[in-house]
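Take a look at the following structure, please.
In order of appearance the chains are A, B, C and D, and numbering begins at 1 in each one.
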Amino acid sequence: MIDIGIIGGSGYTGGELIRLLLQHPKVRIRTVTSRRLAGIPVTDVHRHLTGLTDLDFATPDPSIASACEVVFTAVPHGAAMNIVPELLAGGTCVIDLSADYRLPQQVFEDTYKRQHTDPRDGGAVFGLPELHPEVAEANLVANPGCYPTGAILSAAPLASEGSIEYAIFDSKSGVSGAGVDPSTTSHYPNIAENVRAYNITAHRHLPEIVQELNRLDRSLNNIYLTPHVVPAIRGILTTAHLILNREQDYDTALGLYTEFYKDKPFVRVRDKIPTLSDVRGSNFCDIGIACGGRRVVAVSAIDNLVKGASGQAVQNMNRMFGLPETAGLLTPPLSP
Amino acid sequence: MIDIGIIGGSGYTGGELIRLLLQHPKVRIRTVTSRRLAGIPVTDVHRHLTGLTDLDFATPDPSIASACEVVFTAVPHGAAMNIVPELLAGGTCVIDLSADYRLPQQVFEDTYKRQHTDPRDGGAVFGLPELHPEVAEANLVANPGCYPTGAILSAAPLASEGSIEYAIFDSKSGVSGAGVDPSTTSHYPNIAENVRAYNITAHRHLPEIVQELNRLDRSLNNIYLTPHVVPAIRGILTTAHLILNREQDYDTALGLYTEFYKDKPFVRVRDKIPTLSDVRGSNFCDIGIACGGRRVVAVSAIDNLVKGASGQAVQNMNRMFGLPETAGLLTPPLSP
Amino acid sequence: MIDIGIIGGSGYTGGELIRLLLQHPKVRIRTVTSRRLAGIPVTDVHRHLTGLTDLDFATPDPSIASACEVVFTAVPHGAAMNIVPELLAGGTCVIDLSADYRLPQQVFEDTYKRQHTDPRDGGAVFGLPELHPEVAEANLVANPGCYPTGAILSAAPLASEGSIEYAIFDSKSGVSGAGVDPSTTSHYPNIAENVRAYNITAHRHLPEIVQELNRLDRSLNNIYLTPHVVPAIRGILTTAHLILNREQDYDTALGLYTEFYKDKPFVRVRDKIPTLSDVRGSNFCDIGIACGGRRVVAVSAIDNLVKGASGQAVQNMNRMFGLPETAGLLTPPLSP
Amino acid sequence: MIDIGIIGGSGYTGGELIRLLLQHPKVRIRTVTSRRLAGIPVTDVHRHLTGLTDLDFATPDPSIASACEVVFTAVPHGAAMNIVPELLAGGTCVIDLSADYRLPQQVFEDTYKRQHTDPRDGGAVFGLPELHPEVAEANLVANPGCYPTGAILSAAPLASEGSIEYAIFDSKSGVSGAGVDPSTTSHYPNIAENVRAYNITAHRHLPEIVQELNRLDRSLNNIYLTPHVVPAIRGILTTAHLILNREQDYDTALGLYTEFYKDKPFVRVRDKIPTLSDVRGSNFCDIGIACGGRRVVAVSAIDNLVKGASGQAVQNMNRMFGLPETAGLLTPPLSP
């Protein structure tokens, strides 16, 4: 059994890590920390897990590095960089769910408007395992953002061919993406029966998308992201409006996507357009496409808390520890 | 034109007062106050009213009493009692949407755990105009709570006959009843796809229900309220489980209800069970019933922000100023 | 008072016409027809209107043409063309809410896969009054589709300048757009907590958008529409991804939009991004924009049943009969 | 491995059986039948299971009895009685999810208004394993209805003490309880933002509740059920308004419930009021209580498709085959 620790266990990604790891046949959760809730049973916060775990929240403690083979850091952006160096120095592997290690220092600082205190450009692997098999050798994985996961996977096959001229990602996210703390945006009367576009031209997840698509096609310049919040708890549906430099027929495109993801157990390329309920609660990314002239519309559906966060983190862990990629992660989606 | 003022215009009941009064043929909104937002256009907060009003929020000011014939106080419980005496002294009428004047002093203080600084037992009229025609002569009206409005109206005809042994009100409320400020309860992921029972045996609206039903039947002792929040923005559906001291057939009961409310333009007794969408956005209270043995189940539907708050306040104003009771209030419900 | 008739009054657009016209100061509803429901009270179907109208559904009858100055046809696509010629021959004006008269014959037949039995190219005015002042002189108005209304208005100012290279409309519609009849798509478990893209490259509303934008810019070729259904009863939020042939700064763009719509009472150009709740239940089309390089993202919000259907039909009627454009249509939106 | 068959696999309970059994360590799904969909991949209907099963729907066939050790019949009421005799005769065990074997013949016929063609009073065990340990020896189990499961479990401890005078169950159900076929009730615009009471005094699940509570307290006469549909896909929250023949304090009541369910792994008695999201997707029944005088309000939360249907069926199977009761059923709830 692999001993694991979770730093920052009181939020949604922390709760999902616990939910998923409780079902994992090869791990043992040693500690879940929360500075604010230390001493409180985990199930006082994550009530749905009552009876499934006896853990109390612990105070974060340097000894976690020696007690755990891998530590998940599920803390706010800017906080991880203060924790990770010590963890790595202590000899444990780290999978960081914050944004702190996803981008080169300069891009990070421009995007998040703060100084990076632990720049290690090239020292962390971007944890999108479908495109980064090198996570298997990493000791620090930067788990991608939720929007980038759905957006990058929807466009990668065509980007890798160098055929995209414009990539316009119109994303529709569930409200849980904004976290566990109440806010005006998450106030039920403000989002029920509603759709809200925000950070229309400058969402801070855009640089991750640009970085990864440019790894596949260095000449792809026109990459845009417009996120929306929709009345759903979980899920991101990304509608990728891709304008190509050539005509594209459907069968060829479907073949391209199918081939590109043929050994990727969590990407299900389908001849139907996916919806959020196809993947709810699961680590799948479902993709369907439509074609017309030089235009391809690729639609991807993920659960933002699973493939967009904690499930992907477990998938990375599986790769890092030589386990089957799907270990503990094949729980079927919950539909309807 | 009647000059009116609104003290506390930034919340939902304030916004609804403005929405409704803008459609009223006989009033002019002179001022809408908000200490916090003074100087800001009303439509910066109530964006849907853009283009329909040019008012800015004003600082609350004693001169409002002389400038306005009636003032609506839409402030938190406990705040109204600090404002109302001065307003009344200034010669204006007051319709208070808080709980401050609904109950006798002792009941208020027991229920709200605070001292009353302006007790005037008997000096305010309980503003449920279907049961209190004396609002027409009042200069201070205590607008009822949202749960009491739906509960009292659902049971009043049978209570007035003295035939109820147990009155168990199981109410399902939309989230807007909790107000405009985000909270854990109103956080979309916590209430979407969910139902939440709360204050199960001791909601502070219960004393209003007891007070009003006991006016109709002094011997009715067993009155209970269990409120729930459901995933809806607006509306309260109250399922009144009434156990009678005798058998009750449907036709007689329907006749009783129809007769009881025959001159009440906002109570629609129907031979169908109402739903929230039948009344959404309107001042109607729809009531339907079902009977079986000694049991009557009466179901009432209101919009909590209209008949349960601001619409009822305007209805009270109409009565106080000798206007047709329906003036400005017959906007059809919005359905679907 | 203008006598009006509604043919096909049992669906959502029929119900909305009744709701809106009941509030109109200058009209009288003479008849509402439904072949299937003839003899039944209108309020048996539109329960929310109980107490507000005593009409029964009538059998459609040629005499309607002589009894009414204007008839609204709210019937399925393909049915209007069988009714309208007789109505016009009888001397009444017609506002058709179906697709039958929006497009030239050939485009209609290609799009709707059926023969047109009453082609009168140029004989009907496309009823988007902001762009077609000639509705004032029309006796047959083809009321636009819901998606086209939001899409065209969001892009028209830039199209009129000839600066758009790509116009990609990503629209999010409430479920009522699919009509009153239950279907797999409208089944609550299939659309709650979900987002569904459909007819991704070939929605039949696209030709209307192309037609109208090409009236403003004949050289604009790349016009795309991808509709989605979101968990909302009402509303369409259209995110118009506009790629221009030049850079565009925000202030200039906002000025352009403001100027373009300066005399249009139902288009509210705002310096904020609108949401569905800003316009719910009302005839407003709210528009906000964001700019970045050669890209403008214009977001429009309408209520699909009002500005996207019945409200716009009443607006057209107002124009046709020389009434103030806003007569009966300034009911504030219902928010929250 | 236990070979199992599912007759009627295209609906929600069928889909849930497949979802749950795919995670079960000791079973193998041999066949899933659907007369209408024979030959079609199961994942064409249950799209979320894509990649997790290769089964095609099969035509129902008598050989299923010899190929399977247990067959789940997930067919409409009235259909099971035509299938079950043959299955039992073929030597397989049957867990029937319909209502056909839950009630004595006369009660069934009065309730469902149809003749029973396979009456075997006493020959089937009512499959609520918390109250019926004899399922372990059954070869025919009648899986309870969804409302009865939540209602009976919420009141059983007090009923077993003989202290209930009135038991009024006010239940709030998700829409999936109405099945996979679209209907007026399940039409999104009719149920979103709404609450609908139905079959207020005579729901056909009531006789199951009466039967089971009377097994615990023969003298309990006043048992009522009022079901509601709320805007949720899954779940039933039952608010049991229990009027006792004596006063009841909270601590004693909580102790009673805790003791009553102490060896029941799927009933979680808690000192908090549960909500639907605490149990979503899981086989748990969470119960919390509140007390006041002679009144106890017990609130139970279940997932109607799991503990209220397919999960309970698997739980029954575990008991019938000597497996741990929780085998394959401890997947954590999905929250938020």
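One rule holds in what follows: a contact is a pair of C-beta atoms (placed from the backbone, for glycine too) under 8 Å apart; a residue touches a chain by one contact, two chains touch by 3 or more.
Here the structure is a predicted model, which is why all the values come from computation and not from measurement.
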item: Neighbouring chains shared between chain C and chain D, ordered by label; value: A, B
item: Chain separated most widely from chain A, comparing mean CA positions; value: B
item: Chain pair with more C-beta contacts, B-C versus A-B; value: B-C
item: Chain B and chain D: spacing of chain centres that average the CA atoms, whole Å; value: 39
item: Chain centre separation in whole Å, for chain B relative to chain A (CA means); value: 46
item: Between chain C and chain B, distance of the C-alpha-averaged centres to the nearest whole Å; value: 36
item: Multi-partner residues of chain A (at least 2 other chains); value: 12, 174, 176, 189, 192-193, 231-234, 277, 280, 336
item: Contact footprint of chain B on chain A as seen in their complex; value: 12, 174-176, 180-184, 186-189, 191-193, 231-233
item: Touching residues on chain B, where the partner in the complex is chain D; value: 166, 168, 170, 172, 174, 189-190, 193-198, 200-202, 222, 224, 226, 228, 230-235, 237, 239, 241, 243, 273, 275-277, 280, 290-292, 295, 297, 299, 336
item: Interfacial residue positions of chain D with respect to chain A in the complex; value: 12, 15, 19, 22-23, 46-52, 176, 192-193, 233-234, 265, 268, 270, 272, 274, 277-282, 284, 286, 330-336
